[in-house]
Amino acid sequence: MPRFLTAGESHGKCLITIIEGFPAGLRLDLQFINQELKRRQQGYGRGERMKIEHDEVEVLSGVRLGRTTGAPITFLIENKDFPSWEEIMSLEERKVEPVIVPRPGHADLGGYLKYGLEDLRDVIERASARETAARVAVGAVAKLLLREFNIDIFSFTIAIGKTRVKWEGDWESIKEKAELSPLRCPEVSGEEKMKEEIDEAREKGDSLGGIFQVVAIGVPPGLGSYVQWDRRLDARLAYAIMSIPAVKGVEIGEGFTSASLPGSAVQDEILYDRKEGFFRLTNRAGGIEGGVSNGEAIIIRGAVKPVPTLSKPLRSVHLRTKQSLPAHKERADVCVVPSAGVIAEAMTAWVIASAFLEKFGVDSLEDIKESYTTYLERLKRM
Amino acid sequence: MPRFLTAGESHGKCLITIIEGFPAGLRLDLQFINQELKRRQQGYGRGERMKIEHDEVEVLSGVRLGRTTGAPITFLIENKDFPSWEEIMSLEERKVEPVIVPRPGHADLGGYLKYGLEDLRDVIERASARETAARVAVGAVAKLLLREFNIDIFSFTIAIGKTRVKWEGDWESIKEKAELSPLRCPEVSGEEKMKEEIDEAREKGDSLGGIFQVVAIGVPPGLGSYVQWDRRLDARLAYAIMSIPAVKGVEIGEGFTSASLPGSAVQDEILYDRKEGFFRLTNRAGGIEGGVSNGEAIIIRGAVKPVPTLSKPLRSVHLRTKQSLPAHKERADVCVVPSAGVIAEAMTAWVIASAFLEKFGVDSLEDIKESYTTYLERLKRM
Amino acid sequence: MPRFLTAGESHGKCLITIIEGFPAGLRLDLQFINQELKRRQQGYGRGERMKIEHDEVEVLSGVRLGRTTGAPITFLIENKDFPSWEEIMSLEERKVEPVIVPRPGHADLGGYLKYGLEDLRDVIERASARETAARVAVGAVAKLLLREFNIDIFSFTIAIGKTRVKWEGDWESIKEKAELSPLRCPEVSGEEKMKEEIDEAREKGDSLGGIFQVVAIGVPPGLGSYVQWDRRLDARLAYAIMSIPAVKGVEIGEGFTSASLPGSAVQDEILYDRKEGFFRLTNRAGGIEGGVSNGEAIIIRGAVKPVPTLSKPLRSVHLRTKQSLPAHKERADVCVVPSAGVIAEAMTAWVIASAFLEKFGVDSLEDIKESYTTYLERLKRM
Amino acid sequence: MPRFLTAGESHGKCLITIIEGFPAGLRLDLQFINQELKRRQQGYGRGERMKIEHDEVEVLSGVRLGRTTGAPITFLIENKDFPSWEEIMSLEERKVEPVIVPRPGHADLGGYLKYGLEDLRDVIERASARETAARVAVGAVAKLLLREFNIDIFSFTIAIGKTRVKWEGDWESIKEKAELSPLRCPEVSGEEKMKEEIDEAREKGDSLGGIFQVVAIGVPPGLGSYVQWDRRLDARLAYAIMSIPAVKGVEIGEGFTSASLPGSAVQDEILYDRKEGFFRLTNRAGGIEGGVSNGEAIIIRGAVKPVPTLSKPLRSVHLRTKQSLPAHKERADVCVVPSAGVIAEAMTAWVIASAFLEKFGVDSLEDIKESYTTYLERLKRM
């Protein structure tokens, strides 16, 4: 089964990821991957760092003559500001003072206690959301695979701070609008309000969270399974989405809303059309019933808490003296919701691609295409 | 690492689970385990089946002289109504007609297509929530382990249908109230409204969902990790909770609410007391920061959609003729939120116990206790 | 990915296994499975227990109307002498004295120390080779799957004690001869010598080991992979074979012999025939090159040490008094090599079936057949 | 649990490995790691490439101020001859002819068919033994960890071609002799014969295999387990050793020899000494009984087949024309047995370190030391 590991510190030399178990024969469009990295870095409300660095992958393995070979794929993403951090990040002796006042809302204190560290820097560097750049590169490869099967994954922002938007139109137009919006928001007037909220928060030295929605179009029925808890597609998606830094909630389909509705208003009646096969008029389930994809769009929402690093730091404790002090300050954004959406696309793409490969084979893109076609034909006969 | 598999059909002979990788030396309180099974079966709004069956585990392996031996633990839970289903569930030739009209909101259609089945019965039997009885038995063992370390896990109902309650008091009293309530609701007047909603839904042949909250008290800081996405404790919990049938949303701490608040109102400032060590006055993070437990109570909420099997069935399609027909009807409950809370306790206990054993060792309860004590002492020195 | 867990003590109520991730639609031939269990129990040199018990599986889940449903398959194998062990194996208080003198050559001492036990009985019961009955049932299901694809797995004995046989003829005839031989030995005169050695050992209160060979016929090229160490088919087979109690060595193809030959005499030249495709005249590699099956027969040998429980026990130590004493005695066989071969077939079948399902899909037998046919056709075109 | 992935092609830019789940606080001695890489490259009988390249790791992540931080550790090992391969290994369009005649004894044909490739180069590059440089770096980190607990792992050559040596003296002196020998052989006269065999083979354009032995000293009792097949330490070691390219056989302790001896001559009687605790006078089991370490030295042997790439190539088939032709030739060694031993040390170190961390905790070296001390003290009391 496909697996990947990421490595790298926020201000170390680079981020790295190894992707193992992806099929041979996939055209690896580097421009697309770098474009995905760029999408992660954009967004109204992002801090200065995003302007310094334009992430790009260097391919270290697994690709030859434009295509994957079946061997592990390695991407390296340079940290362009490493030179100014080299002393702090020294491989050898200590040259600078340790960070000693943990930031509330981060892994700082928990990580320090868990690993028995002497310097919060060691937590800060790895617990940083910068790690997600590597995940976006992984997700980009997953997206490239899924595209071969007409599966498309995109995201948009539906809330920032107190502003929540409604949207209209088909998925294609929503996706387009989101891509054009600096907040990835498909609704113009809402977006204006969001910007105002962000500006206000920035002035106050505060930060804002929000909600993103990820949509996966073209997913066939039959991914995931109900036979064992850890194989449910909804569970695997929740795992992946909740693993994104700052995400504190995940919903599939109607999610929390469905909890307050009667059963008759929550399920999606089943219809049949000779051309379309089985279909639904509604999609409250968000494309997954009983842990299995049902052929409708898969819909996931994630709640992003406000970035915990504030320019007006919160109260914390000096780890040696135990004195109450303002928390350590690290360069930070005011609002990262649009980026979180892009990362969530990547994680969604990974989960769906994994389930897809488990079902249709993992070795050769050509063989997988044959298996997939055969499967779709069988579905038509059922 | 601890792992478990469950097996068994809803109307087969029995449910079975094998738990592998649990330490030796744990006193296995069968009465407690059976009490947990009973808690799952209770609740205002449950159907007739709950009155027929009083689940009990039979221990088939892994326990001798009252204690675990380190060997895999097997529990068998008999399905007491199997005799009346024996023909339908026959191991050999078919004796009854197949189920042929899938139920919206269930795995029926997706499972049928995925596995290429001829009878929806094969999906219905395994995708059934009855499987969770085995999980509750697994969770009970995890709870017994955690109890040895003063970690307590409980749940309560905070919403059913349109009724959402607020609660007061310390965790101990909330837990007690929930245990006494047929809806596991710690607030009396809210509970009355919930019952009314349920009665109303039953009359209409409809069903209701709701929201449960799970709380884990006494969890040490340092479980889970930020170093790799799949090791985050919040992600692992979301995985486990979303895997519960009918759950469509998961939150940690303030969850979706935190998405609309400013950062200054979302984080939990860090304080220190010579006796208590590091602590917080608030717990908006729900006990997990950066994927790592921080020593505060772990708080998870799950959104349960209304049971999809309605006594007034929804529209569906005959799989052979493609004719539009009312969905197949299976015996069902009106509201399962309290049970879902109990199942969520079990899954939470499993995840926390797993992370605990990964950190403190897996072989001998005595050794684990020593490691844990040493760890707590180290924390005091930090 | 397919996975299975076994559970159960040697003298407990039963052995159990749950097999998860096997496709739907496989006809489950119970007679075949029970026949496999019987094959494990036979063999000249087996002890009394084999005469008491005739193992049979009871299917507890995963099968309906004669076929697998995709749900986990559970087998229960009753321990027929449990009634006479009930006091010793009591779930509750102790009724008999603990076993207190560890047997050399068994897990007794290591297990006792690892798990911090008080009674060696807790090790003896789970470390017993009886556990392999459950594995044989698992392997039988794997064999049934592989049969659908004309993959056949069998074994024979090539050495017992000092007697080593040579064999002649094609695989079919060797298999047949082995099945008719009480020592699973395909060569008659060698078999006679083996029996004599066994009789002699029995008289002396001693035991004998030997060597088995497993052969898998019909395995397509392309199972396993060189891209990551843990995916190599030879490595996975070595893992599975070395996990069989008493096995102390594993070889693929020429194995240790190839270490002393020149390279020109060890590799298998590649030829091509329009009808057969690529083929070899020799098979020194044992069907696996670079961790990948090459289409030739897969050949594995395992070295079985003599059973460590002797009727003349070896010297050991009383765990409380530390006094030197003869080791605890447990009912035992003189020679288990033929059984070890049957168990090795099961483990080989499991590994190959797993690699097969990873490559061709895991859900529906019908789909897997289509994928496999398509693959074989692609191979012909290459 | 600790895990690692390697990536990189033999003539690509570099090899990379990410090690995940190793504890914080381990001093990372780079000189030691590079020395291990050098040990892999040495040996009488190695080809020209070993003289070109002196492998060195570049640390890309996971280490700061000389110690591991708990974050994933990444090593990059540059391929120094990449510049001369850049055209062949091009990420973009093809500039050179594909390799089209598979080498017998390599993954070439199986990999080509499996992945549906067009150029054997894609197999050759990843199936190359060069990948093991990354594993040696991983193993070096595992060794550094084990050293903290006085566990030492080393290897020596016991056979090359037809020459098999006997050795004398204690482990320390054997280790020393092996380190000083260009063939890693602890016996001088045997070594001379081995060199002669190698010279002879080189002249003939042939190659030689042999046998290495790995020894792990200081391993505590209780690593590995008998409770589930995949947790047996011997099985895990066989998995790891058989995964080394060219290894075709693995033995633990007496291995294949024990198959021909009576039980009374194979087991290791148990003795007790107030100071030493439980001990043995013999170690035929090779330190593992019933899948669990018993406190004695762990002894593993691996059979290495002769390198399949010969300077006088074997017969093969042109993949397009199907014409019979000499196999493709790739730069190669005459004998790699000493290197295989070094790689086997690395894989052994990985397996033992993994089992060690599973037992004693994975987070902080300090905590692991405490757990280990406590465990050893408990063992003394038992």
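Just so it is clear, A, B, C and D label the chains in written order, and each chain counts residues from 1 on its own.
One rule holds in what follows: contacts are C-beta pairs under 8 Å (C-beta built on N, C-alpha and C of every residue); 3 or more make two chains touch, one makes a residue touch a chain.
It should be emphasised that the depicted structure is a prediction, and the values quoted were computed from it without experimental measurement.
Although subunit C and subunit D carry the same sequence, what matters here is overlap: shared residue numbers make up over half of all numbers found at their interface. In terms of C-beta pairs in contact, the better-connected of the chain pairs A-D and A-B is A-B.
Centre-to-centre separation of subunit B and subunit D, using mean CA positions: 44 Å. Inter-chain centre distance (subunit A to subunit B, centres taken as mean C-alpha positions): 26 Å.
Centroids of subunit A and subunit D (each the mean of its C-alpha atoms) stand 37 Å apart. Shared interface positions of subunit A, defined as residues touching 2 or more other chains, are 5-6, 20, 70-72, 111, 114, 116, 126, 222, 225, 227-228, 359, 363, 366-367, 378.
Within the complex formed with subunit A, the residues of subunit D that make contact are 3, 5-9, 12-14, 16-18, 20, 23-25, 30, 59-66, 69-74, 76, 89-94, 111, 114-117, 119, 121-122, 125-126, 363-367. Partner subunit B is touched in their complex by these residues of subunit D: 1, 20-21, 70-72, 222, 225, 227-228, 358-363, 366-367, 370-371, 374-375, 378. Contact residues of subunit B toward subunit A in the complex are 5-6, 102, 104-114, 116, 123, 126-127, 135, 159, 161-162, 164, 201, 204, 206-211, 221-223, 225-230, 232, 234-243, 245, 248-256, 258-264, 266-272, 274, 278, 280, 285-286, 289-295, 303-308, 310, 312, 314-317, 319, 322, 324, 327, 347, 359, 378-379, 382.
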